[in-house]
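Each remark here refers to the structure printed beneath this line.
Each chain gets a letter, A, B, C and D, in the order it is written, and its residues are counted from 1.
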Amino acid sequence: MAEPYGFLGLGIMGTAMVRNLIKAGKKVVVWNRTASKCEELVQEGAKAGKSPADVVAQCPITFAMLAQDEVALEVTFGPDGVLNGIKEGKAYVDASTVGPNTSKKISDAVTKKGGRYLEAPVSGTKQPAEQGKLIFLTAGDKSLFSDVKPALDILGSKALFLGDVGNGARMKVTVNMVMGTMLNALSEGLALSEKAGLSQESLLEVLDAGAMSCGLFKTKGPEMLKGEYPVSFPLKHHQKDMRLALAVGDEVAQPLPVAAAADQNFILAKSLGYGNEDTAAVYKALRGTEKRV
Amino acid sequence: MAEPYGFLGLGIMGTAMVRNLIKAGKKVVVWNRTASKCEELVQEGAKAGKSPADVVAQCPITFAMLAQDEVALEVTFGPDGVLNGIKEGKAYVDASTVGPNTSKKISDAVTKKGGRYLEAPVSGTKQPAEQGKLIFLTAGDKSLFSDVKPALDILGSKALFLGDVGNGARMKVTVNMVMGTMLNALSEGLALSEKAGLSQESLLEVLDAGAMSCGLFKTKGPEMLKGEYPVSFPLKHHQKDMRLALAVGDEVAQPLPVAAAADQNFILAKSLGYGNEDTAAVYKALRGTEKRV
Amino acid sequence: MAEPYGFLGLGIMGTAMVRNLIKAGKKVVVWNRTASKCEELVQEGAKAGKSPADVVAQCPITFAMLAQDEVALEVTFGPDGVLNGIKEGKAYVDASTVGPNTSKKISDAVTKKGGRYLEAPVSGTKQPAEQGKLIFLTAGDKSLFSDVKPALDILGSKALFLGDVGNGARMKVTVNMVMGTMLNALSEGLALSEKAGLSQESLLEVLDAGAMSCGLFKTKGPEMLKGEYPVSFPLKHHQKDMRLALAVGDEVAQPLPVAAAADQNFILAKSLGYGNEDTAAVYKALRGTEKRV
Amino acid sequence: MAEPYGFLGLGIMGTAMVRNLIKAGKKVVVWNRTASKCEELVQEGAKAGKSPADVVAQCPITFAMLAQDEVALEVTFGPDGVLNGIKEGKAYVDASTVGPNTSKKISDAVTKKGGRYLEAPVSGTKQPAEQGKLIFLTAGDKSLFSDVKPALDILGSKALFLGDVGNGARMKVTVNMVMGTMLNALSEGLALSEKAGLSQESLLEVLDAGAMSCGLFKTKGPEMLKGEYPVSFPLKHHQKDMRLALAVGDEVAQPLPVAAAADQNFILAKSLGYGNEDTAAVYKALRGTEKRV
């Protein structure tokens, strides 16, 4: 009914998502700033739109998965942007990770023109995107959430509706804050084991045998020991989310001393040049790889 | 071959462990400072010894599960203590959680008299003890580890041998340090959600749907939201382990800034009177329950 | 030569500064949003201007001491604002504490119209303002710094030129970051003394007898012990400066773990309702006044 | 009346102290483990004793300035130790920095034999010792404090009586904890200035012009900028005092999150090999000298 779906932004995440929609038999009209990225998907069955406005014009519901606030704003408000296509009956679902203010600005503009808006940042990176196991943290128009639920169920394993626009972004940085502290907990445990002459493999084994067993430790622990950090979530982006979560804490006067300490370790890792490596590289900063031999 | 097993110390943990040995068809000679605690187990098939020395005299391998360093030392070195029964052919497996120094002292004394010693603190509390799912972090005499492995397999789901005496204690506090930081990560996430107007239940749901899903969060998260903290691991004991782990870090010059921040929250919780509640009560300290309404 | 001086903003600080200029025999044309605040100074010899533009038109050099970024922008860019009077030969010295971006925006606008601009936030609060002992942290037009130096020497005990616009603001938050950590150091020392049964007065005496003796401790220490916090620098403003300093650290990848911990205590103090008290009230948060009796 | 004074321990501090007593016209009987260190002082007028017991036998009041707990215990309880000379009418003033437990043990032994004991650790290092400007943090026998006050006034600029034995040690580590946090505050300010392109000299100038001006910053600031750390207080000793202060906080349930963060930086500095440099070298750890160029 809601087909074809529009989809703006064909990076690693967006491409994987579109592919899953196609595999599920859905019609998709795609657009990307660098048009060449559309080709492969067109061969797989997608149709290419000429501009964000053109995509919105062709589709009742358009998704976006864009890199950052600036791009999200440009794609919305720029020439031939999303807004040019928005009118009553049109809906825009933004899965990009943007700040609450950006989200609010886009929401207001879309709503003013009679459209519906859903903020829908995801928890999960490349692999979950490919496997259709993303978690959607949505907020905004609840009727749109219901209408788009079938598509979200193709793209992800869970979709939550969290209330007012901005709550999706806030929940996402809160979740990533917990993850950031957990990575520091694991890093400190491994670094301490090594210095104290304990087997690091044994620590991972003990952690995995009890109540702390989790996918994060199963994946990142061995990577830390090998010193190989295939980029799933760049450290500098994780640090940005920690910063945003701490800013929310500041705003609502909730002390977050442990997350603040964890954030400082990510900043230390950035200062050591690990910003573009996977977030697990925070271990190197705590361990003092090169330096503290 | 190694039967009957001796067992000293019949608190919550020790009683559950003896019961599992009996259920597995093993003969056990028990002793407890307060003798009345032996009665129930005697009815279930155990035999009561008169003193630690008496138990050791009757059994090739004797386990201990005692409350703290002072008790472990008294039971070993005191009148009619373990040492009085130790000679060649006798083995002592101490599952109590004691500091590395205490462990070393007992080990030296046992070894000097021709006996074998295994330090074997456990990861896991009441429930794993009852279910035979403890994790043993052993160190000391490797041949004894092999000989006692069948019994450890009855009592627990995993037994690691970690090298020199002291490594068991060090590994245990390292594991509990990681757990302490994780509990703070969860607490800060929940406190931030509440203050920022996000659904705390949704946060738990998101955490449980992805790579951070773990038994610890599944158990402690809902307890934090209910404000009920059935004591599985008293906060003050957890804080003691954090302190010991930080002391190891200090000794080997490994900075542990995130664990140090987490430790301070446990101290804050103690200052607020939560020391005897479950360790999950650290959430109340971070949230500021009574005060910051 | 540069007289009369213009002066915009007659709050506690501005009023004290104008008074010092008048006492030194200088002619001053003043303006304040609430015009009644001009009266007293007019009686003391100042002349009242009709608007920021009017003041700038009458004076070669105009100072401003305004409450915050929004006001500084309004006074500059608003109707009858500073910009309306700026042309070649006019200079604007903004002693308000504003962010580097605001400062840059005003600087660009003033310069574009042919005027000269000096960012000149101060270190020091009410008392130093009254005593002419402010410290000026200036940046921007170096020739203007030279021209305005005689006036700065009347208003303060020191004036530094720090280079490009923005450096004044950055230096100010760096200085206040150091102060924020120092206040936490003192607070923790006093709180520890009390809990450990040591005389807090003795601690202050020892601190004052050695290398740590400083005006800050001399003033704030006794206030903390009395529990009286006459507002010299509101805690919430100090916390804002800590936040800004940490943001600079984040931007340039300089870890600041101790300041981050101190900032969290200020946030804790805000959450307890101490935001409008003097910054020294952070002691109450660390001590746990009401709660941890 | 109380002359001659006994003096045990002729390190840098002890030698300077004895010299000041001699200059003030006092008779002193000295002893040092390495006897050759007595020679110079004997030429200046001191008399050499054969053992701690011999010194105590000759003097109504004997001072000690020893390196650490082990030495203090050996000198007291060892063969020909202090205790052998103690009887009614004899007094022992221990200016060594030892833990509260060691202090208590010595106090009990001295008192049991009818002697009087004063714990008297000092705040201040080499230079204040030479200039007679030490600060004595005494505890124990109040009548002895009165009797020894004239000598303390020669050796120092201030002497406080703090109550029960142990309070001297506790006050000393509290004072050094405040100092440790202050050094971190200064270090972070300087590191931030550098990274943000601000003049570090200007930061020191601003700090010195206002309420934060203190001898500590005047001395350590320029040393940090030069990268020269003449050892006045070895970093590893300062870190030990931080650790002890945090242990007191833990014991009395007083959270000290900022000092804990500062302590971690000292541990980082130790891990980088700066333990034997002056405590101001913590700046190098925060700045990341070698690495983060």
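In this section, contacts are C-beta pairs under 8 Å (C-beta built on N, C-alpha and C of every residue); 3 or more make two chains touch, one makes a residue touch a chain.
Quick caveat: nothing in here was measured; it's all calculated off a predicted structure.
Distances between chain centres, each the mean of the C-alpha atoms, put C farthest from subunit B. More C-beta pairs in contact connect the chains of A-B than those of the other pair, out of B-D and A-B.
If you average the CA atoms of subunit B and of subunit C, the two centres end up 54 Å from each other.
Between subunit A and subunit B, the centres computed from C-alpha atoms are 39 Å apart. Residue positions 249, 253-257, 260-261, 264-265, 271 of subunit A each touch two or more of the other chains. Of all the residues in subunit C, the ones that touch subunit A in their complex are 239, 243, 249-250, 253-257, 260-261, 263-265, 267-268, 270-271. Those residues of subunit D that touch subunit A in the shared complex are 257, 261, 271-272, 288, 290-292. Subunit D meets subunit C in the complex at residues 123-124, 128, 135, 137, 157-158, 160, 162-163, 167, 170-171, 174-175, 177-179, 181-182, 184-186, 188-189, 191-193, 195-199, 202-203, 205-207, 209-216, 219, 245, 248-249, 251-262, 264-265, 286, 292.
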